[in-house]
Amino acid sequence: MDMRTEKVMTLEAAIGKFVCDGAHLSIGGFTVNRNPMAAVYEIIRQGIKHLHLYAHSNGQGVDELIGGGCVANLEIAYGGSGRFAPTCIRFRKAVEHGRIRIEDYSNYQMTLRFLAGAMGVPFLPTRSGLGSSIVHRWGFSGPEREADDRLPDRKLCVIDNPFGDWGEAHKVVLVPAINPDVTIIHVQKADPAGTARIDGLTFADVEQAKAAQHVIVTCEELVPTDALRKNPDLNRIPFFCVDAVVHVPFGAYPTACYRYYDYDPAYLNDYREMALDDDRHKDYLSRFVHGVADHQSFLELQGKERLDKIRADERTGYAVGLDRR
Amino acid sequence: MQEYTLREMMAVAAARQIRDGDIVFCGTGISMLAAMAAKHISAPDSVIFFETGAVDSKLEEVPMAVGDPRVMFWTSVNGSLADSFAFMQNPHTGRRVVGIMGAAQIDRYGNLNSTVIGDYGSPKVRFSGSGGACDVASFVNRTIIFMQHEKRKFVPEVDYLTSPGWLDGPDGRNSAGLPPGGPATVITNMAIMGFDKTTREMVLNGIYPGITPKQILDNMGFSVDVAGAREVSPPSAEELRILREVCDPDRLILG
Amino acid sequence: MDMRTEKVMTLEAAIGKFVCDGAHLSIGGFTVNRNPMAAVYEIIRQGIKHLHLYAHSNGQGVDELIGGGCVANLEIAYGGSGRFAPTCIRFRKAVEHGRIRIEDYSNYQMTLRFLAGAMGVPFLPTRSGLGSSIVHRWGFSGPEREADDRLPDRKLCVIDNPFGDWGEAHKVVLVPAINPDVTIIHVQKADPAGTARIDGLTFADVEQAKAAQHVIVTCEELVPTDALRKNPDLNRIPFFCVDAVVHVPFGAYPTACYRYYDYDPAYLNDYREMALDDDRHKDYLSRFVHGVADHQSFLELQGKERLDKIRADERTGYAVGLDRR
Amino acid sequence: MQEYTLREMMAVAAARQIRDGDIVFCGTGISMLAAMAAKHISAPDSVIFFETGAVDSKLEEVPMAVGDPRVMFWTSVNGSLADSFAFMQNPHTGRRVVGIMGAAQIDRYGNLNSTVIGDYGSPKVRFSGSGGACDVASFVNRTIIFMQHEKRKFVPEVDYLTSPGWLDGPDGRNSAGLPPGGPATVITNMAIMGFDKTTREMVLNGIYPGITPKQILDNMGFSVDVAGAREVSPPSAEELRILREVCDPDRLILG
């Protein structure tokens, strides 16, 4: 959090300032939507390593960070990108080859963990996962947890309901809070102080942002403060939660940004094919990530025609009739 | 009779399970198609909603993921993950919810694995993981499960129990602390399975035209009672028209 | 909850159908804002008794229900109406004379209790109230609680953090869920199916509605479904949570309704004076509540001039320059 | 020198406690006025927010309650009670929050009573109750408390501990499980009190012009160390102008 009212900086500066080797990081978005992809590519470009990444179902962003070699540990609910990759490709390879350590939760459990962090409580309760392997199989062992003061001593706790069977529940699972060092989200509109507006579903972005020590907001449009204050009911994150505001049009590309552009099926299909082969994936990284100076250059490499195809229709907020095969 | 693919049969079979007044939780892919079809055929007053927070989306095009911007259009409310799972965990709303999901493995009690094949610590195959599946399976009144009918998928014991079904039998969910709902129907490319009300074990309810009980049992890693099985009526012309022309004209999900 | 898409009814019918003697009720709004006053007056008019009322800081609505003789038990955080009555008058008298039974919580605790009900968990944790009398002094005793299956067996529980000092907290208070029989809220716009839009702050209305078995929504404007679906980001309650939709312009009067009208300082000041004296309060009730057939007649009794004075200014959402002395 | 009321003195004294960068939690009445005045005088980059969920309200008119529609205008975000208390309980944001509140009773450790006088079960006087006061006092980094300087209000022991101060001394909050912040300043119609950093007991810090330490002690139910007290400078002409002309021209709160 930061009380200043002018927090605009370049993406390079924001990532350089707030994301260091070994940082505990969470990114916003869901599967093929509103992942902060420009920031993801910049993290890979800056060669940041050993990240401890928290994700519910962030999909493409998580897969690229793993593929980019940035991730050491992953706490996650879902590694998939819808029909484009029912299981994310580099994620799957990394887990199967033991290149990252992973711990599984459910989407709601991860959401509650971010919410607990946002609320400033050590845990939240749910009935989800009782009787499942999620409760019994830990990715990080008890001794590993006790040795690392950035991890809670237990993955989760099952307790008897101290109120008897109040709420028709005699047991609940308590899931521990997550407080990332930094959360990065991509939004439709932000002002220079960091007030952020999200159009459409917010996923768990708001909870992820409020749980973090530092927040980087990348935005499609950087607008004057008054433009957002005119209707605060649509704003989702107050400026004092935010540390850096970065103006990056198409900052979620190749994932979608509701009312601005759709996901790019061609890119995501090509990515899947390249990600499946280690050599081709190396080429992908050197061409599309390391081979460009910034997101603007990356977009130029895709070409205007491609971006025009995915522009959102005004009525529906997505690209009607887009060829999504 | 009109020709149809098994995938179309599966989508129609699931759609028929949805009743007016159901709140339908949709995962990615064929489950979305089933819910869309039901809205147009038998259950116009069912409500489609997504774990991402979209309630009663107007699906003019089939979404490719539950985070697809298509789910955000013309909804009753655009909320968050926190909102949507609360609707399922809340008993007032949760008891109206039907969840539709798939998995990599299923056992006789409808417990699902969508996490790993092999050991959790060093898996042979890694899948997506739970996503919202564990949550839905934990909370909602009944779940409909899509499976490919293969021996390696219908297993005596799942390698990792991602989403709780009836756990170890009649008292499984209660003693684990879960709400009373659970798996209702398994829809495969050969048959429709249910669960015995008393034992909570899987039973064969319906067989697609041209399939024999033996074929079904040969493709499972455990046996089920086939005595009560009837033939499933094939998709009607109208069901196929809705599926093909209204729901997925580009065959993005029908293939 | 109710899956029908046509739930419009009269206020008389809605209250008659969903609010019975002894019901566990919660009402929306905060102090002098967006209390569902038309519904409150209708409850008094219908002579409904022995309500178990849940409130955070609902102010005027709570005070009138108590004054109207409808309330037996009250779980509350705050009985005040801002400068008009730092302590609500009839509330104060009823507690001091032992005419209602009361149990105290904090605003956040009550909010969490509604949120727990909405989430379907038996409790939620907070650090608020540790070391305070709120933890130690119960309004309903242990034996009373155990005899009443509508009350949790404990007011609240203080437990050690099962995750050690994770979240920098070694203890937390668990507060039990509330699941009212019925919640009544007043909103700016609703459609016939019950999708509700709230302009400005939502207070705890959304949690209160989602926690309840039945929900009555009264609204300033009853609008076609498509009018709300055009921008669902502004809608707060999905239709399937709602059982009854009642069109009541000025339904929050004499409290405020943001962007529609302000609170009426003259009414609230008069009310305070009349509430202070038992006889004058009886006259108040027979004239303003029992003496009118419905909210429309009540408003006519106030007169058009009075309502015109409090109409909201378009830019600010309140009545600029209103005489509020 | 300009004349001023004690109420004006109190508002100015509180406003002076607010620093640039503070997030100011405001209750009803004079605390709102203090926060508004601070924004215009010494702390333009402080942020006023309300438990009702309004962040950085543009207060063109003084609100009469924290639920007043005036707090909803031109904010950064219009949220909910759940949102606003989370900002205070969250250590990242909570440590930047200054809470301003009043009470019916206070003890030497800054514990507050705003619930009842007498027995809780059958009170002699019933007040509003906690509202957000207990929450704010539990969570935030420092609180500023408005009190009328009367013996019955400064008591050896509060009848009901609504809002935790330093509880029973230096280790009180920690052993109860509360975060480390606590009461910083008590502003009365006679004086400004603080709390000793070691003992956490109330001490006299400042005396308004024309008041003696004896008057202050005579109006309290317990004694405090008066050795470190200095005279408080009266409101400046500019402070009074802001208060009277900008913040509360109708004297709704100044009286």
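In order of appearance the chains are A, B, C and D, and numbering begins at 1 in each one.
Simple rule for what comes next: contacts are C-beta pairs under 8 Å (C-beta built on N, C-alpha and C of every residue); 3 or more make two chains touch, one makes a residue touch a chain.
Note that the structure is a prediction, hence the values are computed from the model and not measured.
S.K.: By label order, what chains touch chain B and chain D together?
M.R.: Both-contact set = A, C.
S.K.: Whole-Å distance, chain A centre to chain D centre, using C-alpha means?
M.R.: Spacing between the chain centres: roughly 40 Å.
S.K.: For chain A and chain C, what's the span in angstrom between their mean Cα positions?
M.R.: Centre-to-centre distance between chain A and chain C: 37 Å.
S.K.: Can you check how far apart chain A and chain B are, centre to centre, with Cα atoms defining each centre and the answer in Å?
M.R.: Chain A and chain B have C-alpha centres separated by 27 Å.
S.K.: Of all residues in chain C, which are in touch with two or more distinct other chains?
M.R.: Touching at least two other chains: 119-121, 126-127, 168-169, 172, 179, 200, 233.
S.K.: Please list all residues of chain D that touch 2 or more other chains.
M.R.: Where chain D meets two or more other chains at a single residue, that happens at 72, 78, 89, 91, 139.
S.K.: What's the contact topology between the chains, one of line, ring, star, complete, other?
M.R.: Topology of the interface graph: other, matching no listed pattern.
S.K.: Just spell out which pairs of chains touch, all of them.
M.R.: Every pair of chains in contact is listed here: A-B, A-C, A-D, B-C, C-D.
S.K.: Quick check: in the complex, which residue numbers of chain B touch chain C?
M.R.: Chain B reaches chain C through residues 20-21, 23, 45, 47, 55-56, 58, 72, 74-78, 86-94, 96, 139.
S.K.: Show me the residue ranges of chain C that touch chain D in the complex, using the header's touch definition.
M.R.: Counting only chain C, the residues touching chain D are 29-34, 56-57, 59, 76-84, 86-88, 91-92, 95-96, 98, 104-109, 111-112, 115, 126-134, 137, 139, 158, 168-172, 200-204, 206-207, 256, 258, 262-263, 265, 312, 316-318, 320-321, 324-325.
S.K.: What residues on chain B touch chain A, complex-wise?
M.R.: 28-29, 51-54, 60-61, 63-73, 78-82, 85, 89, 91, 115, 120, 122-135, 138-139, 160-164, 167, 172-173, 176-179, 250, 252-253
S.K.: Give every residue of chain C touching chain B within the complex, in rising order.
M.R.: 1, 3-5, 117-121, 179, 193, 195, 210-213, 228-230, 232-233, 235-241
S.K.: Contact residues on chain C for chain A in the complex?
M.R.: Touch residues, chain C against chain A: 116, 119-127, 152-154, 157, 159, 161-164, 166-169, 172, 174, 176-177, 179, 199-200, 233-234.
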